[in-house]
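So, here come the structures, one by one.
Look at the two complexes coming up: chain A is in both, with chain B in one and chain C in the other.
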Partner chain A sequence: MLFYSFFKTLVGQPVTVELKNDLAITGVLVSVDQFLNIKLDNIKVVDEERYPHMLAVKNCFIRGSVVRYVQLPAPSVDTALLQDAARRERQQPAAGGRK
Partner chain B sequence: MSNFFGFNTVMPGRQGGRVALNLEEQQELDRQVQKYALETGEDFEIYDYGETYDNLADDLEETRDDLNDETFGGGTDFDFARNTRQIAPALKKEEELYIKQNEHGGARRSSFASLWETDGPSQQDTFKKGLPEPSQAASSIWGSFSNTTAKGMELGAGNAGFVHDPVFGTGTFALSRPTAFGNNQPSLEEIEAQLLRTAGTQHQAPMQQERKMMSLEEVEAALMNINGGRPVYSEAMIAEQQAKQASLEQRRAERQAKQAETAKHNGLMTQSDKDFINRIQISQLVTDDPYADDFYCQVYTALRNRHLQQMGVPSNIVESESGQNTRRGNGRTEQRMQQQVQRIVSDAKRNPKRTNVTVEGALGKIAVNSVLNPRQLLQVSKRGSHNESSGGNSPKPPSPGPVSTKSHTVLGWIENVYTYVLALEQKRRQQPPPPRMGEEEIAGEAIRRWNEEYGILARKMWNELRITVPIGVVHPHPFISILNYSKGKKVIPRVLRHLLPEQTLTLLTMLVANFESLNVCKAEVYADVQGNQEIELFMNTIVPPLLGFVSEAPFRIVVGLLALFIERNNMVWVARSKPGLAFLTLFLSRAEILKQGQGNYPIPDEREINQWNELYNRLFSQLQTHFSALFLPKATMAEDVHVWRFLAAMAVGATVDQQHVLVTEVREQVLENVIAAQTTRMAPEKAAQRIGNVNLFLHALGLDASQVAVPAM
Partner chain C sequence: MDDHAPLEGAGIEEPLDLVRLSLDERIYVKLRGDRELRGKLHAYDGHLNMVLGDVEETITVVDVNEETAEEVIRIVKRNCEMLFVRGDGVILVSPPSRA
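== the complex of A and B ==
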């Protein structure tokens, strides 16, 4: 749930999603779900000359499994908190067993 | 739906069947609706079998169904396949009617009789035969018409003649002749919607036409005015008007066509269907403990909101308000969803370890994975050496004997400290509320238990810091090793919040006693960028909270700490580092404040003052002849502020002789700064900063930079 929790805080921020087919799409993150499917708005393909068919597309839904990287806006990421969240996540299986 | 793009799809023969609803028919319709209501006495939405219901279900066993909700998760709401099937035929009719009405702009009113005409016998037939395939409704929506038509022919053989209906062609057959479905009776709601829609189109269409007529007349009137009351119709003008009119007409038709196309999907899912889908989605994401499962988002939002509030931005208030509104909007759904989630959570608790099920007779296993328990792609053995090197999952109690200070061991300690700090912070959030009236007994118990748990965690964290390991067993001291990592430095402010004052004092004592071995004291760390970052981190994380502690400490403790500092460390060495100077300055200035009787403490007595003076003299004699070496050789002048501050703190407590020594030693630096500020081409603010730095020291001596005589160049 860490990644889901993390991406939720980025809703409304511009991100660049690099897909496994080398397409890179920049857009405003609209929503994300537990599979890390991503919805983007106001999209723009980074290499427009190579993918002219994407010129007309304004928004898109990206299946989580086809995402290779997501480029994040650095100011809206709290790395220290992310570390803590990762620590908590590591403790989670133990906590789940205890409950 | 290509059949209404500009073509008249209604043939004369077809029109005959559709007569306008007169008053009698309306009344008949109302009567029928009322009859249904009386007969069933039930909610139409769910039980719209209508009069075709043959009471077969009365023979069914009705008892022992109290656990149905548990089994199926929510009663009838869940059976959306049936719901959709029930309304599918009605939807088709609606669609047909709607399209037709739009097409003709309400010029001709369609009959409701068509809705009912074939329902009677055929419907009852099919209902008794059994339920039809639900896929038909779906397939007609997605446009595989030929298939549907074939089925329609099979099932509704009595209406076979309509297949060749030239009006609809074979393509729309299934849409226009929805005879083959079980529950064909449209529900009350749908009839109402139908009535409304029909009425709506009737009212709108003439008005639109009227307005268009008006506009044409207006144009004429305008023309008449221009031409002195005599209308002149130029051919071109009329043609232009007509073209405009035509294009408007076309655009309107296109828009309506588009609307009609999407309208066929209206009401495809009922509200409970949508709820059901929502619940599936949200039950995966909602947790009973958001701080455990949604930690980052929760804390990040809280931090950002606090930050915004500090800046005085009210946007978060707006945001939270809108959030509340949406929540209030579907409060019932939310509540039901929460109940659902609670049930899911309790189910998960009941059998927590089950990750896959082997069903008898099934090939392979059925995985029961969830978001919180995803399928593991990597199988890493717990006993692997890799696991040990990363610190180990189970924090071992620190052994008091010889401890190794290999990097991975230390990193493991730091991680364990973090673990306890996070647990303590979590405990803080779960702090029981202060007892209310009449509940002191229960609340007192809760608070006692909370204190106990908190105490245990705090003790564990304290042990993990290894501050109490005796000095000299290992070098460097384990606690200092922790501080030598940036991770370890960062955790200190968070640790201090959970420590008792005695523990903080112990920590400070241990730090002061082993100050030399801190890596930030080494001269070479100033050489590279990373070293400077470490120093910066030390100054930002460890110094401020301890400064806060020392600035409230009594004289006795300050004297003790400084004594220990001087005793255990090489002063010349330590004073050349920024953190070392910061601590020295801290002790000196605090002692000075207390000596002058400021703060809440009484003025120290004679013996303590003597003790202090002795200490000061020792420090001074150790640092003598090294004062000018405190300035970093390569550092720019603006970075020297901590040195000047230290010199000022020294100067305040110095005797006249000592002051003289001080001045003599740093004379060169003072002059250098003053000259640089006065003569060279330097930005005014930078010059002011330099003078300010020098004045820190000079003011402590009762002098000022303006008094410094600059030797002529």
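== the complex of A and C ==
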């Protein structure tokens, strides 16, 4: 839930999503869901020489499970808030956690 | 709420508590696909999804020479200011080695 809420705060920001097949796509984050599926708008494949297959594609939906990394705009990330949230999430594990 | 809420440095009951102690510290993360990351841990969850800051990624690529069948090991380094890492690729998390 932590990262779902976190990504919701980044909607509208430019991000680069790197997939497990090495394809990297830059675009504006449109929406995220609980599985961390991601919708991007205005997309551009980072290495178009190598991956020319999506030149005409303007926006896309990325299944969360195929994501390796998401590169984020550092100034839009409140690291103190994130660390607090991570500590709190540990103390009261989200529903579904054991014990 | 805090009947036995673990405090910093105390209450190490499960492996993830060790990760909690690394919040705001630089860590080493070994990933699938011969990838390694070093960066400052800002957030994590139970899947080991993470947000790292000032990240250096090291990718080890083994090129096999077609003719001589010689294996040439190539190390690629990349840097990123702020990176979300999906937990399913994580093999281990540890403090960075001094080396």
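Here, the second predicted complex is superposed on the first by the 93 of 99 C-alpha atoms of A that agree within 3 Å, B and C clash if a C-alpha of one lies under 4 Å from a C-alpha of the other, contacts with A are read in each partner's own complex, and residues count from 1 in each chain.
Methods note: a contact is a pair of C-beta atoms (placed from the backbone, for glycine too) under 8 Å apart; a residue touches a chain by one contact, two chains touch by 3 or more.
It should be emphasised that the depicted structure is a prediction, and the values quoted were computed from it without experimental measurement.
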- Message: If we overlay the two complexes on their shared chain A, which of chain B and chain C does A:Phe6 touch? Say first, second, both or neither.
- Response: both
- Look at A:Leu72 in the shared chain and tell me whether it touches chain B only, chain C only, both, or neither; answer first, second, both or neither. second
- Taking the superposition as given, does A:Ala85 touch the first partner, chain B, the second, chain C, both, or neither? both
- Task: Once the structures are superposed on A, label A:Asp33 by its partner contacts, choosing first (chain B), second (chain C), both or neither.
- Result: first
- Message: Touch test for A:Pro52: chain B only (first), chain C only (second), both, or neither?
- Response: neither
- What is the shared patch of chain A, the residues that chain B and chain C both contact? 1-2, 6, 82, 85, 87, 89-92, 94, 97
- Message: Applying the document's contact rule, which stretches of chain A touch chain C when the two form their complex?
- Response: 1-3, 6-7, 20, 36, 64-65, 67-74, 77, 79, 82-83, 85-87, 89-94, 97
- Item | Residue ranges of chain B in contact with chain A within the complex | 281, 284-285, 287, 292-301, 303, 349, 352-353, 371-373, 393, 415, 418-419, 422, 490
- For chain C, which residues count as touching chain A in their complex? 1-2, 5-6, 16-17, 20, 23-24, 33, 42-46, 49, 51, 53, 80-86, 88-89
- Message: Using the touch definition from the top, list the residues of chain A that touch chain B in their complex.
- Response: 1-2, 4-6, 8-9, 33-34, 78, 80-82, 84-85, 87-92, 94-97, 99
